[in-house]
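A quick write-up on the structure given underneath.
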Amino acid sequence: MLSQNDQPSWQLARRYLQVANGLLIPGYLLVAVALYGAFLYAPTEREMGDVQRIFYFHMGTAWNAFLTFFGVFVAGITYLITRQSKWDRLAAACAEIGMVFTTIVMVTGSIWAKPIWNTWWAWGDPRLMTTMVLWLLYAAYFLLRSSLPEGDKKYQFCAVFGIIAFLDVPIVYMSIRWWRTIHPVVITSSGAGLATEMIHALIVSLIAMTVLCVTLVTLRTAMRLNASLADELFQQLDQRGDERL
Amino acid sequence: MNQVALTWILAEKDLKVAYRSPQAFLTTGFFALLILVIFNFAFDPGSQATREATPGILWVALLFPGIIQLNHSFQAEMEEGTLYGLILSPTDRGVLFFGKVLANWVFLVVVDLFVLVVFVIFYNFSFSVQMLWVVLIIVLASVGFAAVGTVFAAMLSSIRTREVLLPILLFPIIIPIILAAVNGTQEVLILEEAQFLHRWLQLLIAFDVIFLASGFLLFDYVVAE
Amino acid sequence: MRAVLNLDLEVCTGDFLAIFGPNGAGKTTLLKMVAGLTQPTSGDIQFTSQDGHSGRERVGYVSHQSFLYNELTGIENLIFYGRLYGVGEVRERADAMLVKMGLRDARHRKVGEYSRGMKQRLTLARALLHEPDLLLLDEPYTGLDQHGSRLFTEVLQGLKEEGRTVLLITHNLGAGLELCSRVVIQNKGELVFQASRRQLDASEFERLYFQAVEGKKNLESRIQNSEV
């Protein structure tokens, strides 16, 4: 829904698209370099073998999954302060990409875990558990969104949920960690250090995934802005049509 | 009229209304009872493993009916539009929040204590002084549960699918409460020494403070039209 | 979708304004904005020397929902709201209000047992308890039978004589005209007609209403024609 508070959204959507377009080429290059780094440049891990290479993307995706959640949080607060619906578009885009990334983290984590720890799902690992809670929070966010009709009320409520959820995540992480120090799990991650080349590969991968994430978020925000504009135009056409009758 | 008095007036109104039409209370209590019974059938009553799982069983029996209770607290306000009556009044939104949280907390604790008594009987614990620690856990956990639950229940009060949405929104958020409450109860009931109980109590208190504060600040946005 | 647009309305103290219009015209939204329940997306609501935001205690609101607690008695409801609005000597005022509305005998009965008419009168009592400067009524005649409507109109007449400022949304053209000092017709969010009561002929009004609602242009051309 547009309100008097909204800036001319066409321009805003176009600006987002420009940013996304600008990031595309660097993004592709970085991802290419990261792939090279992960699969060719970095040495094979001694204990875990080639499966470990998934780690480079696992880390990058995980970091971004939480980064986008922070995005939802900040966009939510900004919406509550400014009441401009564009912030809700940004929040929704962040949540979309965030959910995709979180799913990828859990899947890559499982693929990694099975050969190493002989289990698909490592109950009790604080990071895995927190990531799962993150996934549940994203899912809840979208279920809430889909139950509300477009309008200020929806944006407000989603902002409130996003804020509460974000505040909750660190508490969840800490509770699980306390829980696990009291009841330690047999499964521990190998404490082996990283070779220098591995660190290089990791850093490139992190940057690449972050650029990818930002590109996707800006793209989706632009799409959502345009979609809501199109909706508004259709509604105006409908109203004019009614008036003619 | 000062804020504290107003908070009490709001809570008292809810308590009075509930006292005179206790259906919600009774259904909540009965549902909890049912859960305890079902778990009796679901797990082998004699085994040690079940014994160790009893804190978890208790908290499932406390939390799921608790959600129903929370939903109902705003359900009742939708019937004659009394929620609008409250919003239209010059009462500060923060006071509305605390009034509701207070009333919900009282309801939760009352039902929970009843459930605890049944639990002790069904699972063969003793009504010892140790139980007071469990009562404390219940009291503290219910504060945080009521705080976040009130915010979400208010938000969802105008939505058709509120009954299924409230658990979906609330349960992930209260995972720290679940961990602290179950583990704390375990420390008291199952383990030889309650070494870490204080840790869990601290976690509950921290959670309560953080979400009472956030709920207070955000309640404005949740009851707006 | 905009519920209300291009609305410029001035109400003076002591005005009794009747607001007519078809369903979905935005009348309720208009009233909600005056009450402070909804924020306007542009423009603002001003009370003579005070803007709408802090004015909630100066407004009394009656809608077709009663805002009453069915499990509480009549007097308990009034005392509750009285306290929320910071009314002094709540018990005495509540008693007085119940007498005024003819509900004194029922005051210790649960509101759930009241008839529709009694509930509406108690709702009005609730809205007036804190002596609001402005009384807003959103289709209060809904669900009232002849007797209930008659009683309600009498009460409103009393308020008019007291010089209260009232905004009344109603589909009941007869009652509205009987009570009001000014008329406004709203359609599709806009004010399509405004006049003071004196300018209107009650018997002609229904026709005028349909003209106003069927098209602003139509109305203008008809007025022009009649002037010619």
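Labels for the chains are A, B and C, by order of writing; each one numbers its residues from 1.
What we mean here is this: a residue touches a chain if its C-beta (ideal position, glycine included) is under 8 Å from a C-beta of that chain, and two chains touch if they have at least 3 such contacts.
Small disclaimer: the values here were computed from a predicted structure and weren't measured.
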Identity of the chain that, by mean CA position, is farthest from chain C: A
Closest chain to the centre of mass proxy, which here is the mean CA position: B
Separation of mean Cα positions, chain C and chain B [Å, integer]: 40
Euclidean distance of C-alpha centroids - chain A vs chain B, Å: 31
Chain A and chain C, separation of their C-alpha mean positions in angstrom: 49
Touching two or more other chains - residues of chain B: 225
Partner chain B, residues of chain C touching it in the complex: 32, 35-38, 56-57, 59, 61, 63, 65-72, 76, 80-81, 83-86, 110, 126
Contact footprint of chain C on chain B as seen in their complex: 1, 6, 9, 13, 16-17, 20-21, 79-82, 84-91, 225
Residues of chain B defined as touching chain A within the complex: 148, 151-152, 155, 159-161, 165, 168-169, 171-173, 175-176, 179-180, 183, 196, 199, 203, 206-207, 210-211, 214, 218, 221-222, 224-225
Chain A - residues contacting chain B, complex: 80, 133, 136-137, 139-140, 143-144, 147-148, 153, 156-157, 159-161, 163-165, 167-168, 171-172, 174-176, 178-179, 182
